[in-house]
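So, here's a batch of structures to check.
Look at the two complexes coming up: subunit A is in both, with subunit B in one and subunit C in the other.
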Partner chain A sequence: MGGLDDADRSHAYSECERVLARILTKRKAAPVDTPIRVLITKIGLDGHDRGSRIIAAYLRDAGHEVVYTPPWQTISGVVRLALQEDVEVIGVSSLATDHLIVPDLLRELAEAGLDDVAVVVGGIVPDSEHAMLTDAGVGRIFGPGSSRDEIVDAVNQLGAAVRDRRSRAEVPA
Partner chain B sequence: MSTLAAAVAAGHEGNLARALTVLEKGGVDAIALRRTLLEHTGRAMVVGVTGPPGAGKSSLIGALIGALRNEGKRVAVLAVDPSSPLSGGAVLGDRTRMGEHTLDPGVFIRSVSSRGQSGGLSRAVPALIDALDAAGWDVVLLETVGSGQSDVDIAEYADVAVLVSVPGLGDDVQAIKAGMLEVADILVVNKSDLPGAARTARQLEQMLSLRSSDSVHPPVIRTSVPDASGIDSLVSELGRTARAGGRLRRLRKEIVREAESAFALRLSKDLVDRACRSVLDEGREISVVALELAAR
Partner chain C sequence: MTAVTPSAARERWAADYAKQADLDRVVRNRSGIVVEPLYTPDDWAGERYQADLGFPGQEPFTRGIYPSMYRGRTWTQRQLIGLGTPADYNARVRQILDLGASAISLLPCNSGFRGLDCDEVPAPLLGTCGTVINNVDHMDRALDGVPLGSISTAMNDPTPFTLLAFVLATAHRRGVAFDQITGTSNQSDYISHFVANHMFYRLSQPGSRRVLVDHVAYCRERVPGWNPVSVVGQHMQQAGATPAETMAFTLATAIQYAEDCMARGLHPDAILPRFTFFFDVSISFFEEVAKFRAGRRIWARITRDRLGAKDPRSWRFKFHGQTSGVDLTAQQPLNNVARVATQAIAGIFSGLQSMHTDAYDEAITCPTEESARIAVATQNILREEAHLCDVIDPLGGSYYVEHLTDQMEEEILRVMAVIEEAGGMYAAVGSGLVQGMIGRSALAAQERIDAGVDRVIGVNCYESEDDNEEQPPPYRPDRESMEAHVAAFRDFKRSRSESEVRRGIDGLRAAAEDESKNVFASVVDAATAGVTHGEIVATLRDELGFGNPLIVA
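The block that comes next holds the complex of A and B.
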């Protein structure tokens, strides 16, 4: 086989790189741990979904699998989604008092045997109503100005805790 | 794990959802679960739906669910969306278009990330199909990542493969290209309320008329989801076209795929580095070097 000129050499090199990259990607994709599954949704009548879309993108970039719904979901719809999608965390975006029905969501989740799912709320929640949500079982509340890291860290922690509890129970309730 | 398999076969929805998670994760638990589930499979009809992004696959599936429900069928959906090549995460939004069926007890929808797999599906898809089959769902609608030209795996995983096209995507040269067009069982021109639908359908028909007379000629069906047109003819074609022997075909395909990916996984970075050097420094042929690696 004759000598390579520079063009051949650079072509050969990029071919090799491509193959190598594919093999390394495959290896990376072989899951050591699977992504946390998160449902990002809005219940109630408010349709401002910019916030929930941004959060979905944050969590995607953090390596999570985000089941995203448009606004105007019903509580029973969210419960069925959480059941079928086997999510570990539910994030509810609320900008216009929809957080007031989050306790109802938590109750229906529990009735469906999903009381182990972590629920977080983000958006506008008056300070005076935080206790009402946390008493109902909301894991975290993110107000305006919450950072990407803060949100991602909380989802990581809550999701890992749910996964840990579930790994102890062979068959879900 | 056999308790979980039994609960799945008994039709408990929460257990089915959990089983899908276990199967997606892989490992020993998944292997044991799969083995038991396989004993209960072989009844479901698997319908593959593929096509380019934005062709309306999810909306069409939403309409198909409605039509199949009218026939009394219990319908499950696996909707695959791409995972991020950077983070491994994903935004799974297909079921957004199927929202009206969320509360129907005769419908089960699961969003699936492709988890780094190319080809429009995820590695776990055959196992997920088995679980839905074992759980007694009559029809499994399998939606690929937006793709469709060369991602032909779906044709082997599905009992009937539907390629969704739309008006205005390209000229008639597109219609004679090789790939998915050749292996689809049904060709759909969706969004046929848009201008150009008749032309797109005609181009597909002409492409088919050029085929040798002994090859199968898939039907071309025009559909429109907002007008609810063509959906019923699509459903009756599904039943007419579905091929038998799906369970074995899926297994065969899965084993070939696994074997191929095992070859690639066995290569260490060192080995590949050395192969690169032998191409760059010794001027050896790439395909020869690659074959040597695979044969190790």
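The block that comes next holds the complex of A and C.
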């Protein structure tokens, strides 16, 4: 994994920060009452990012705080970013089989104490591989043709549930 | 019967039309051009036939780049294939050749696109979307039984073109002369990778620019039957550019590459006859036909008037068309057979030189054997049963198609002027200008689908309740043979000559540091010496800069 971990990372990060700035300043909707912090990313090897860019724009326009990364993130990089940005939902976009390593992402999130973060996957996931993802803890899988409303509603619900759990965890019983 | 004047007849038609049709409904094509319900000699009368259309094989090539077009020779049937291990690929290629394909292509594994070898990426991702080819042994195995001197091979091979280097090393091994090798470097267009299809992007922008020119110069000298430049409009359109924007960006990119080569002393007529183009053919039927007819006409003028080419071969706009995967749906997947056939007819009426038809399961997985067979059969049916090839440019002279060709040309030239104003394509992508335009068009297209303005059967209309037909299981490489492949690769790295490898890598560094040396020549030497794909890319990334695309969200 040397190439991916070391060579790509620093570049991916600076790129990510630039893109992040653009996304947040371009927000056009009025902020919703409780904007959810969502990370939209692609892990693995594929670079087809039309889907992730459109989803990031949808969620931004719905008033959420979107952290967007370019493709090819490493799993450890995504975990670190999730910690750093304190996100409640992670959306992983996959076109070309990168969903196959999403279970590894969930495992590493749990190891980092982020097992309360909701993870959703969008893109091309063959029916026969849905169970592999849901068994690993993926909250929702959005296939091609999913509507904007469907996606935004799911993120609203999942994000609110995460926030709820977190706030209850903070109050000592 | 009394004589009716054309204007009176037209007025009567307009009145009758208004009684039947909704006049408020404005139809626009994907490029934003308003489409009227009827076209007549008022829209295109044919006085400018010679200047705007001419004859096939003659300037401005609107009607086709060869005098006989499909009467002489039909398009090359070139299916994009890539899966599993080199042995898996070889089995599929032989099957496709037996089915009637006349040329082959090779899509490497996504790990290869990232510039990595198979022993440095997560194992589940190997070979799922392309073939794992990391050294000359892998290429030799993949092309086993494929006569390199007579079958044209197209490689999906971004800078620094390691796959072509492995092909040449294989040819060297088999005693095939380099000047017998024909084919295309399908992914040589680093600008389109920087802008749109990010998965192919590897070296820094200036590094890619230098290696591309070196590659063109090397092929010109050593592999004259090879097309070193394929300008890929497909990526722009797949990422969301409209058909008109796509053609504009593609032509602007081609101008950039030609002028970069000329700045290094290459004569336009020495390079332009080997320039090729690669496009998406969408289901927006007439718009696609007009896009390609307009593109041919513009390119003929640019090469002659701006680039100064004198050889008519330099003026010809040769292109490969791939039916657009963006139009295919995961819902009711068999419907895609109809979509692909429609796109393919648009491609044929556009006068393409080679074609890939997508398999119907494209929106779900890499093609299965059955879906790949239907994709090839679709081309066979259109070519041999449907009489589509009898007449050259059969839509030429249609009032609508000629008018639309003019309108598309105007729109393409408008976008090209924006790029020119920004300092040309290299500069316009460096600033994010092009990325912003594509992003806006992509979002607008999705919003039209979400709003039901653009209808997609099975997605926003005619959804089927029992749409959960059993999906075919996706292609996944056999775990054991992939593990064996990776193990053999590790053995290869342990057993090869260290001094040869060091010599190869030193050669790469020396070439990268010295502008007077040819970097691609050093890639071929390194490949022949047993340096792996990942090692070649890593060395050049170190020397010429790591490539990250500029993504504008």
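Everything below uses one rule, namely that the second predicted complex is superposed on the first by the 136 of 173 C-alpha atoms of A that agree within 3 Å, B and C clash if a C-alpha of one lies under 4 Å from a C-alpha of the other, contacts with A are read in each partner's own complex, and residues count from 1 in each chain.
Operating definition for what follows: a residue touches a chain if its C-beta (ideal position, glycine included) is under 8 Å from a C-beta of that chain, and two chains touch if they have at least 3 such contacts.
The model shown is predicted, which means the values in this text are computed figures rather than measured ones.
Trainee: Looking at A:G47 after the superposition, I want to know if it touches subunit B, subunit C, both of them or none. Which is it: first, second, both, neither?
Mentor: second
Trainee: One more residue to check, A:D104. First (subunit B), second (subunit C), both or neither?
Mentor: second
Trainee: Of the two partner chains, subunit B (first) and subunit C (second), which one does A:P70 touch, if any: first, second, both, or neither?
Mentor: both
Trainee: After superposing on the shared chain, does subunit C or subunit B touch more subunit A residues?
Mentor: Tallying touched residues of subunit A, the top partner is B.
Trainee: Kindly classify A:A96 by the partners it touches after superposition: subunit B alone (first), subunit C alone (second), both, or neither?
Mentor: Touch partner of A:A96: subunit C, not subunit B.
Trainee: Considering only the touch criterion stated at the top, classify A:R148 as touching first (subunit B), second (subunit C), both, or neither.
Mentor: Touch partner of A:R148: subunit C, not subunit B.
Trainee: Could you tell me if A:A57 is touching subunit B, subunit C, both of them or neither one (first, second, both, neither)?
Mentor: both
Trainee: Per the contact definition in the header, classify A:G122: touching subunit B only (first), subunit C only (second), both, or neither.
Mentor: neither
Trainee: Just subunit B (first), just subunit C (second), both, or neither: which does A:L83 touch?
Mentor: first
Trainee: On subunit A, what residues does subunit B touch that subunit C touches as well?
Mentor: Comparing the two interfaces on subunit A, one with subunit B and one with subunit C, the shared residues are 1-4, 12, 15, 19, 22-23, 56-57, 68, 70.
Trainee: In the complex of these two chains, what residues of subunit B are touching subunit A?
Mentor: The contact residues of subunit B facing subunit A are 1, 3-4, 7, 13-15, 17-18, 20-21, 24-26, 83-93, 95-96, 99, 102-103, 108-111, 113, 115-117, 261, 264-265, 267, 269, 272-273, 275-276, 279-280, 283-286, 290.
Trainee: Report the residues of subunit A in contact with subunit C in the complex, numbered from low to high.
Mentor: Touch residues, subunit A against subunit C: 1-4, 7-8, 11-12, 15, 19, 22-23, 44-50, 53-54, 56-57, 68, 70-72, 96-98, 100-101, 104, 124, 126-129, 143-145, 147-148.
Trainee: Quick check on the complex: what are the subunit C residues that touch subunit A?
Mentor: Per the stated touch rule, the residues are 109-111, 113-116, 120-122, 124-125, 128-129, 197-201, 238-240, 329-331, 363-365, 439, 442-443, 446, 450, 456, 458-460, 468, 470-471, 473-474, 534, 538, 541, 546, 548-549, 551-553.
Trainee: Would you mind writing out the residues of subunit A in touch with subunit B in their complex?
Mentor: 1-4, 9, 12-13, 15-17, 19-20, 22-31, 34-35, 37, 56-57, 59-70, 74, 76-77, 80-81, 83-86, 112-114, 166, 170-173
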